[in-house]
């Protein structure tokens, strides 16, 4: 089984029950999530060896994070302990015209304040086939930029494939800094994943004539974007997720995989959302699995999109669908008939 | 009031809250359900005399089942007590492309291991006008086949009308055994209810050109199917439910009533599902009530379909709508305007 | 900031969790609501000075009502204490073809049995710029008619603008009494809000060719209705909400503002409902705010409709959206994209 | 099996979860209860034929009350339908020095406003062996006094044994009225149940030297009280419950049965309370069962006290313990060892 | 009414439901609390004018804090907005030998990082009669020491009475720093509240022969401690709470008020705990109220102890008992009898 | 770290919330538990290598069991998959005089119907230092007796220490069979754990003059019992737990460790119970840890009793206390003071 190392933050995710707003709530459901952790869980879920690298505080929240990751078969032996706090975020579930709303309380988290010297990447990456991180991690702090660069350089040295989800977060850094940092890190990236907004905000590459708030797709322009990324940054493979946000309740969902100089568009699903947060990460989880274990690009992107289509119907950031369930959907059965 | 005896299993139904998967849950909502019990509750709900016949264990779960049935006005005096366990099943609510999932834990249940000699049908059926069972019960065990046959023969002797919902369950038996058993029992059945899949898997009669996973209807073929059933098995009336499963969240729902050699198609409803499990049983409940208390076939099938349309919006297997609410919908008001 | 006094009842609202029916429930979620109280909360939410006038019993329920109103910045200093009970109502949330259902338990409430002499309107209205009430309050009791008339006459004397939402409630009074009472009170009303049914049942003015249960709009006729109201009752401004009830799960929602002899139709939103009760009141809240703080009629009605569109996605009767969130939607972004 | 008719109110009981106060809560757990209804449920629970007589409104709350009573095997055929509302009450669970607190919202309930002519006692009491009511019912309204008197006179005529629990409620009437009314009704009572406070407030008979708030017992004085009741009012049997309220969390609990001119004191239990409300009614339920089905006075009072001791550990007003469980405790096993 | 200004932090308090540990939980109940905020709520609850001074972030958590404080009648107009985050803490409820456990996540909170220049104490303290803070606030950060000193000096200048609860928190600072800082601030304190451990750790004054973990009281030594505090630091009044921690489920609770050179010991209550956190603050709330509104020292300490005894039976940090309920307990009725 | 293999069943444990009875509930909290699994979790919790051996069905319940065990660091690689069902049991929490009640639904479970040939003990026990099982496992079925014997013989061959908790369950087998089977298996046992009832029912050895339902201890007799066990069955070490069941709410808890021919009695704790089920297993977990990692018998039994004292205050069967928390209690701090 392929051995993948994922690096980034993992946070407590606090959600008011149902559609309640934070301002109304008297309780929070708590799960744990993070862009790269979500991918690690997906990969372990498909049977791969996934190791998560992060830093969590030495208290019961830090212990609970590890308990949960272990329960999903993620290797937690490389998680550092220490620092002041676990990052937290609040998710208010939207509906119809009301968007879901995320409130970050992740500043000063253990990982964001970790010292680069704490991570011995030569040791951590021993035996690894693949390394995954996202644009969120370097956005956390300057030390996280450094740690990420250290990791990527170690990967390059060891010949480990690197994937990166651009994941631009405007509340963590601004466009200019994102561009400066990510343009540099992109030299180490073999597989780049992003959406249209990421490409524009982080890499300065945009598809013509699309308005991300309108929900309309400009399929034609995406191949150009993907091609431009490969050309400018030298990565071999680019995947672009195509979300059509009709409302907070219904989204269109598809993706493009650009590899070997060709574009492969997936089928598009119209999804009635149960939990949209983590949807993009479940695409990455499905894609990395498929890139490692399946051979045809069309099949790879179809797997990743079907897998993440199903995640949008599952509570929490972690995808928990079987390969067989993904394949049933890929093969055309989205009828939702009761399985008994 | 007509007196109807229903025979079958009743199980505990354990559901994770909301859209959680079994793998994620820390609690289960518990209700009670079973194909024939659901019909008994519907009939009592419409004011008929409904008696349920089954066997439950001599423990607090068995007592709780009876408490719940009594609360819905079902006569529980014919329920036997004993055996090892109450059958249970788990329902994971699906959404959009993710199907609802049923996990059975009903093996070795009290009713499945009951002895035919425990049921004195002459006594049980005293005063009954109608007997209802389904294809699930004989699928439970060979003794259940025998008990069902005993019941049906007693009905024949007493001139009691018999209805049977084919309800093929692939996890309980295979097609071949289902066909062998049900073909034999069909000789006693006056009113046969099923869907397209049942007709094909249980009776070997299929409508041409329909793919049950695609959600498309082949209305034309259904009359043939119904007609074939009446011809091959001698039952007077056949009802076929027509579910168009667009997704786990939205279904089309209508039905055909074939009686007196003619087909009556109901109006079709597009339903945003709250709880789909028990939907077919609520159709049977509405149909039996309508066959007994209403005269026009078109009105009968319209009542049954409107009643079961409403059940799809109600939590749990038991339908709990008033005749007046059904008639409001039959009369065209599906606007969902607040009633105050 | 403008100072608005709202007068009416406030009740406990008891809802079974999720889509459960009252007949199934073992618990109720409790919030507080009332046609005029909902408006007061909206106004305070937008930063205006809102005072609520009512009467609540001298027990912990009465105290809790005040706690909640204070938490939403509503001035409760004019709320009287005494009487026998707090009015309550039960809301069963509908879905698809099953309508939401309201059961009133508001008879004999403190406000409905209050004596006109308890309200010193000269004192209460000191410093007020605007007075708001609805057609529900006079429907509660004859003393409430008298109290309302006292208030309206005091407003006239002090030159305070008066708005009234017709809000016909067939369970509180019949058409004939409603007409008789409201026709008289309308002489004091400057801004009249209603829907098509209200206009017909309360004022006897109807748009041609519309069937409220069918969900179809007859846009053309509404201007006539609004014009007729201004002509017959002398109010300056009329707003008519236009609900297209496709089902209990999806509604079309828009409105007409008729002012200065001209009609301004808002954009229409198709809404997947989270909580429909209080939707109309949130329109009034948005409208009064906009009439006071914004200048263009088109902008005013657009604000009111966008604000109330968002309320339909929020649990409870009280709207809790920021002006900025309303403006985002007015400006065309109903995409529901996650805000982070 | 003996046939017992119980008459009184039944209300919705709304409790904040856990130890929350009404002022803090956002939900209520709902059960149903009433002094006489609790007794009817106890009697049915022990296998007797219990019929409940009351009046409930014609809405879903009224239907739900009946559903619940039926589930506990109480005959609901004599329950009238109509009136404005179902009485409700709120229970805030106390702990340690903080008392439990009951807020009544029972004024104007259907039963309190029922007309004596609605109750045909000759018909209702047909086949009855025993009639039970309490001092709460005549406290509801003057019509309830009249209805109670009608019932008692009919019992006298038919030779039906009558039991009455004095149950003084200071929020429903004052001492003087209670004395006037109850002194008159006592002439029809064969079995009188009360506590020390009831005897004093309702019948004007007091034990010397006891302070009900201090929790101290004056065992010696109780026999006198019981004897005085029999002498003054002519009833044959008197039971007095002896609660020592150490705190809202721990109570001492015992009782005295005075019959045939002799006193029988039960064993005393120190109870860690789960739900104290309904405790007295469960004593009455146990006592009536024991008076009907067991022969020795000592055994009767021991049964009643053990049964109600167990009720104090059960959520809700309704006692739900088996005769065997009561006997285990009577026989000295209060060890609480796990039963498996 | 006296006008009291309280200054300190307010945090979100996240508790697993029931007795669950953080390591086991899937949800948190959320309330808000802080040593000084708890006092402000108590004071407002008794009818005084209470203003809270703190800083909260400009997000929905900051808004929610203010909503809640307003609902309890606390003036929030002096609360600053800004900074990175709201402090949070987790409370795991203990039982029997297992202690309750608090996990702090309050580092980097808005108030701890506020700048002294943000607080204009001359303005904030306008009209104030009393100022209250605790030893927790200066423990948060060096800027908080400075802000506290600024406030105390402004009080001295304006002649405002100052109370301070020593409240030593070993996780926020060490003994040496606490002593250095608090010894200096004590010069401004008129009323000093603490327990035995505080006196020793913060002021270096200890009662002889007491082991805080053993639960035994050394009543004799407390007067010496109180006297020493008044002598060394010049404050007029000292209150010492005396907790006997028999277990996490049962505590003894009493206090000593030392004023005018004399000691007044309260009655002692043995309490079965519902929620122990905030118990000490409720004592301070009761004490300040009593010092302001009641005259006799014995009555003052009795009020404070009875009030806080009741708080130990209430969920959350905020005390919510009426003066009448406190007086009932002071007058000797701790029987917990149902109030109805 | 020592490597321990535990063998037995693991079941779903379904509990009504709070103190509700099964007959009242509408939901169940679900955890997982089993006599030997509880020990495995304890051992892993203290940092030892614990492997669990059992068989679970190939469905989501089987997967969930493994997820949970992994989250607690138990090695699940030796768990077999297959069979019909996962055993379940229901726990109704008792209080005061009402005992907790366990309803088994474990018949026909995967492990009870497993075939001895499925377990390759030579392989499973590779590297193991210790093997633990209980008297529950052979009580499940004759095949389980055989599997247990196979395991014990393999241990003997490999020189692996064997511990066995007698754990007599009267609902699984009768005394005679228990004696016959366990007397034989005892020859392989090095460390025998039991309580007084086990010793009598399973081994026929009884302490004089003790009544298990009365809660009284006969300390003197226990040494004789322990000695008799070592003499008759040749085991080196015997531990006897001494539960004094004052009520379902409060228990006394202590134990005796008999080793090297001497008795070591632990301190006794009086515990206010949160969750008593699994209490004995947490003693075994603590004991095995202490036998492996600590040297003094007195310290060993003190550790085991303190650890299990704390478990009685924790929800669920799994103990989750740190070594440090246990030592704090062993060292005499049971004060339950808040840790912050």
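By written order: A, B, C, D, E and F. Residues from 1 in each chain.
One rule holds for everything that comes next: contacts are C-beta pairs under 8 Å (C-beta built on N, C-alpha and C of every residue); 3 or more make two chains touch, one makes a residue touch a chain.
For reference, the UniProt names are A, B, C, D, E, F = Sugar kinase.
For clarity, every value in this text was computed on a predicted model and none was experimentally measured.
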item	value
Least step count from chain A (Sugar kinase) to chain F (Sugar kinase), where 1 means the two chains touch	1
Each chain counted as touching chain A (Sugar kinase) and chain D (Sugar kinase) at once	B, C, E, F
C-E against A-C, pair bridged by the larger set of C-beta contacts	A-C
Chain D (Sugar kinase) and chain F (Sugar kinase): spacing of chain centres that average the CA atoms, whole Å	44
Junction residues of chain A (Sugar kinase), two or more chains touched	18, 21, 23, 26, 67, 101
Full enumeration of touching chain pairs	A-B, A-C, A-E, A-F, B-C, B-D, B-F, C-D, C-E, D-E, D-F, E-F
Residue numbers on chain F (Sugar kinase) that touch chain E (Sugar kinase), as the complex places them	18, 269, 271-275, 309-310, 312-316, 320-321, 325, 329, 332-340
Residues on chain C (Sugar kinase) engaged by chain B (Sugar kinase) in the complex (per definition of touch)	18-21, 23-24, 94-102, 104, 169, 171, 212-215, 245-250, 276-277
Chain E (Sugar kinase) to chain C (Sugar kinase) touching residues, read off their complex	67-68, 70-73
Chain B (Sugar kinase)-facing residues of chain F (Sugar kinase), complex	14, 17, 21-23, 25-31, 59-61, 63-64, 67, 84-86, 88, 90, 92, 101, 103, 105, 107-108
